[in-house]
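Below is one structure, written out as structure tokens; comments come after it.
In this document, chain identifiers A, B, C and D correspond to the written order of the chains, with residue numbering beginning at 1 in each.
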Amino acid sequence: MIIILKPEVSEAQIAHVIERVEERGMQAHLSRGTFRTIIGIIGDEAQLDAVALHAIPGVQDVVRVLPPYKLASREAHPQSSVIDVGGVAVGGGQLALMAGPCAVESAERMESIAAAVRAAGANILRGGAYKPRTSPYAFQGMGREGLRILQETGQRHGMPVVTEVMDPRHVDLVVEHADMLQIGARNMQNFVLLTEVGRTQKPVLLKRGMSATVDDLLMSAEYVLSQGNPHVVLCERGIRGFDRATRNLFDVAAVPLCQRLSHLPIIVDPSHATGRPDLIPACALAGVAAGADGVHIEVHDCPEEAFSDGPQALLPDQFAELAEQIRALAAVLNKKVSEPQR
Amino acid sequence: MIIILKPEVSEAQIAHVIERVEERGMQAHLSRGTFRTIIGIIGDEAQLDAVALHAIPGVQDVVRVLPPYKLASREAHPQSSVIDVGGVAVGGGQLALMAGPCAVESAERMESIAAAVRAAGANILRGGAYKPRTSPYAFQGMGREGLRILQETGQRHGMPVVTEVMDPRHVDLVVEHADMLQIGARNMQNFVLLTEVGRTQKPVLLKRGMSATVDDLLMSAEYVLSQGNPHVVLCERGIRGFDRATRNLFDVAAVPLCQRLSHLPIIVDPSHATGRPDLIPACALAGVAAGADGVHIEVHDCPEEAFSDGPQALLPDQFAELAEQIRALAAVLNKKVSEPQR
Amino acid sequence: MIIILKPEVSEAQIAHVIERVEERGMQAHLSRGTFRTIIGIIGDEAQLDAVALHAIPGVQDVVRVLPPYKLASREAHPQSSVIDVGGVAVGGGQLALMAGPCAVESAERMESIAAAVRAAGANILRGGAYKPRTSPYAFQGMGREGLRILQETGQRHGMPVVTEVMDPRHVDLVVEHADMLQIGARNMQNFVLLTEVGRTQKPVLLKRGMSATVDDLLMSAEYVLSQGNPHVVLCERGIRGFDRATRNLFDVAAVPLCQRLSHLPIIVDPSHATGRPDLIPACALAGVAAGADGVHIEVHDCPEEAFSDGPQALLPDQFAELAEQIRALAAVLNKKVSEPQR
Amino acid sequence: MIIILKPEVSEAQIAHVIERVEERGMQAHLSRGTFRTIIGIIGDEAQLDAVALHAIPGVQDVVRVLPPYKLASREAHPQSSVIDVGGVAVGGGQLALMAGPCAVESAERMESIAAAVRAAGANILRGGAYKPRTSPYAFQGMGREGLRILQETGQRHGMPVVTEVMDPRHVDLVVEHADMLQIGARNMQNFVLLTEVGRTQKPVLLKRGMSATVDDLLMSAEYVLSQGNPHVVLCERGIRGFDRATRNLFDVAAVPLCQRLSHLPIIVDPSHATGRPDLIPACALAGVAAGADGVHIEVHDCPEEAFSDGPQALLPDQFAELAEQIRALAAVLNKKVSEPQR
């Protein structure tokens, strides 16, 4: 950590800053420049997180040298993590291909979609039982019954299942039915929920919030990891942008950036990132080419009848075509789409 | 609602769109232009929310004519709402002046800050007992004990108190101790939490999320209102921007925009919006000049010892000076800072 | 300037970095921390601008301590500048009240609008003769004839005039007719044009670009100043935001931020910032309350017949009402709207 | 075009709106809904561009149905354009591989870099003779001498050359030396410059501005096309984002979006988009996988000695490795890197 002092800082203020640093067991290294004086801190800068250095008179700026997360960082864990999602490996050259409807709507619809995506090569089945909807008047999900349908459909087709959990009071219930817990973008900084899923041992699919930096995303992963659950897969799903031609702004550079900063796998969700079926395949391929450890695609066999987010779903045959392109691309990259183990 | 069809739309597709509209009890009004055909919908367009019109083949775009919220809209409720927060009126020309430390740290510190802000004219005391922290290693708040300290300090100084609730399981507890429940920016779309506070009759301070449009904010207010709690005060606290010279981007135009679209009061929080004490007074005054129904300011008597967000707190005498400027400005606008009733 | 080295940096790399620094006549101050080694640079860091320090192997990050602009900085020039625009003082407690149509459309229209805004208290007349239009098919301005009309109308009403210059080949011509040269937001980083207006001694109204940080804006001001023209007034006119309810995002905090970093006056343009007449007065007042040295407002007596940007113009009586509110607000702030000297 | 009227619109206002529409030779089609009245316009809506419909009393909103550009649109020109850049085809399955230093620094350096990138498969040589620099104190380019060096080096290696033009007065000169004229991001809405290059017949590389939507980019292309120059190649080079971990935000979805809306080829520039050599290869591959018609990469054989943007350049061997990956990826997509014809 480096403390940059104001041009008009007094000697008493400098002494006070140094005192605050040293009382935390760190060393302060003063460097008087022509135009500014700076203090370099030697020691574990995390010890200073609780000190409001910025607020000390005479301090102009405080520059962190280390990332604020530890367990999630590649410095602490150089080897890339591979996460086992109910028998499907994600990371380390093995791609997740998560597909399914936005929401579980009925056993029949789930069955037909699951059969189609499995046939096309999907290895993890998705479907929402609890839906975060911006309108209180919109369909909120089938709840417990939806969880049961999802689980049974996944088992019938040999696919582990991922579903969103929104309420900390539902974590135990969802853990019983799902192979992976999804934390949605709107809950990426719902620290209560992160703590709760961190207390389980279920893999977590952590979606990036719409206004989250990559550091923010990794800090949220740190919440889960710090509770004892190391099974986190990150997901880039688009951030808020100024061009409303797409629903969100797909930040594909976040994929290699996360991989440099962290050992955790990262997948992409071009369905939410673009909100437009005509752009989903191109963005899915872009994500894989950029090094993503998988893709997450919404598929529906009749989007106009979907209860939620129909307009951004691919049709089963569009998904099948995309899955084939992903396999061809994976081969060039010496990767492959994982096969379910059951 | 207006449906814009693609240039290449077929007659069968047009007929299908009309059928979907009419089966919901609406009338479809076809208009064939030189380059495009459009369908105007006559009736209550909310009936069509559940239909994925965008996903019907031949549809290019769907344009909403009405706002997606109802209870929060000024169309439905032309007169500005005045919210009573423990005897302090907010709205209708009466300004809230909420002040206090970011977090409740101890009874002694709370007492000294409360005495100072009350003397300066603050009418609602703030203080966090549960803190949303981006780092799992940072101070998370005093919890139940903090609630008790906040409540007692407020009573001693005749000020109602506002504090954040983050966990749906804590709503009942916080309701017992606070006069107003704050929903933080990171939880603005935590629909589980919004629903839970909507089931109480406590005033809610709803902070705008960092990537939320004004429509998103009003939809979140609608969640609370739709559960039966009409006592909502909105808060502009800065959104995510690209210039990191300030912590967030203070969107002052959201104040008059909310007031046109909604009857709910809106206050501003320049402490979080800027993250810089040197910019807080100017932005607080800007908010009041733009028509805000109050301000929310973090005040600490020793920012460098604050457990949370110390660097963005004003000192008590800086706050007193600002409060005086706000009163002078309010007078020009024919408004006044409310006096607590107890 | 501080150089942060990578954890795995070698001794040879450290020696090489120090050599590069010292060959520019600076001192390098090495500080070996527990987790990172940093190098503090002592001397005038501008000497290092030409060295691509980031590109040297072993370097992780380079942190500037000083702002990259000099002539525009308040450090170099602590006293606030007051700019004389054809006899109207801008800055130092004296407010500019620039008003007029987006484009000069005819002598008659210019006359009626000028009479109205002068009567309401405007002190500088605006009007575009060359218009930057996003569409090549839109009205591009009256050119030379528009300049003549603007100048004569201003003289008739005793108001200096400001108009945009877009083409470096037109600078000499515009200088003959105008009292102030406007650089539009889209040209804020048109360095050729900045250099050209910097070679004149006419006051320059420099509008912030839609994706410019405040530092970027001040660097563009530096271009003008570095050519020898010290008469620069900055203008916050809204940046690109994600909420399309307003045309741009009015960054009112940029006003006090510029005033801390720079001695140059700064005004606000709520017409372009919001693009909505219903929000313009609130944002104009917000700007003045935040400390702006003036406002810039589009006024048209028949917006629906305006050739350009009609929808964002105030009517003359709306402007007159706003001007009165601005004067009342200015009085509270111990400021006043300047009176033209001719 | 659709005009949405306010709820309180009067019959006289409706009649006035219809009159304004019809006097332009369009038909107005009135549709009275339950909550709103709308007017559909039949005819060529471009006729209404000059009417400030938004500004007419009673009008709430105006919705365009057609894109505002014509010559650039795919509707007008369904087949994808292939642009010939000095013998190198760009578009239609043939990829541009533009490479070279940010700035031309000397004949020797240009020679060594050109030899390296050509050997690696580059087909167009880039190098800046006029540099847009945010600081007036930074290296501004070698100018005319740089143009000569670039041209001769390109000829020696059989590569056409692309270079930026910033000043409308330099267009004729640059046309003599270059095979393609680059319009930089900061000049994307420098309409004077766009008009000037539109009057030549040289291919133009039009970079997207940092705050430009895809529609804005296509409108700028329309400026060039409308002057008679049909040879435009678009370039996605990153937009302004909130995460400063990368220099800009690489909007890869703009690639398929532009290709849907327009017939013009589009390439990607991951060097400027990310500003980080460690992310450039992943983003280049992402762009190609998303369907881009080429990539634009900065290469320097000693980045730390580069006069400009050294930190974002790849080394020649890094570029060679990337070029090989691009060829492998192109093969999967049934595309190929063009070979120069001379």
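In the analysis below, contacts are C-beta pairs under 8 Å (C-beta built on N, C-alpha and C of every residue); 3 or more make two chains touch, one makes a residue touch a chain.
Just so it is clear, the model here is predicted, and its values are computed rather than measured.
A.B. asks: Walk from chain B over to chain D along touching chains and report the minimum step count.
C.D. replies: When the steps are counted carefully, the minimum from chain B to chain D is 1.
A.B. asks: I'd like the Å distance between the centres of chain A and chain C, where a centre is the mean of that chain's Cα atoms.
C.D. replies: The computed centroid separation for chain A versus chain C comes out at 39 Å.
A.B. asks: Would you mind pulling out the distance in Å between where the CA atoms of chain A average out and where those of chain B do?
C.D. replies: Comparing mean C-alpha positions, chain B is 26 Å from chain A.
A.B. asks: What's the distance between the Cα centroids of chain A and chain D, rounded to whole Å?
C.D. replies: 31
A.B. asks: Can you list the chain B residues in contact with two or more other chains?
C.D. replies: Within chain B, the residues that touch at least two other chains are 211, 239-242, 244.
A.B. asks: Chains as vertices, touching pairs as edges: which of line, ring, star, complete or other describes this one?
C.D. replies: The chain contacts form a complete graph, every chain touching every other.
A.B. asks: Please give the residue numbers of chain C that touch chain B in the complex, ascending.
C.D. replies: 211, 213-215, 239, 241-246, 249-253, 255-257, 260, 273-274, 278-279, 282-283, 285-291, 328-329, 332
A.B. asks: Per the contact definition, I'd like the list of chain D residues that touch chain B in the complex.
C.D. replies: The contact residues of chain D facing chain B are 2, 4, 7, 29, 31-36, 38, 40-45, 63, 65-66, 75, 240-242, 244.
A.B. asks: Quick check on the complex: what are the chain B residues that touch chain A?
C.D. replies: Of all residues in chain B, those touching chain A are 20, 46, 49-56, 68-69, 132-139, 166-169, 186-187, 189-192, 195, 209-211, 216, 219-220, 222-223, 226-227, 239-240, 303-307, 309-311, 313.
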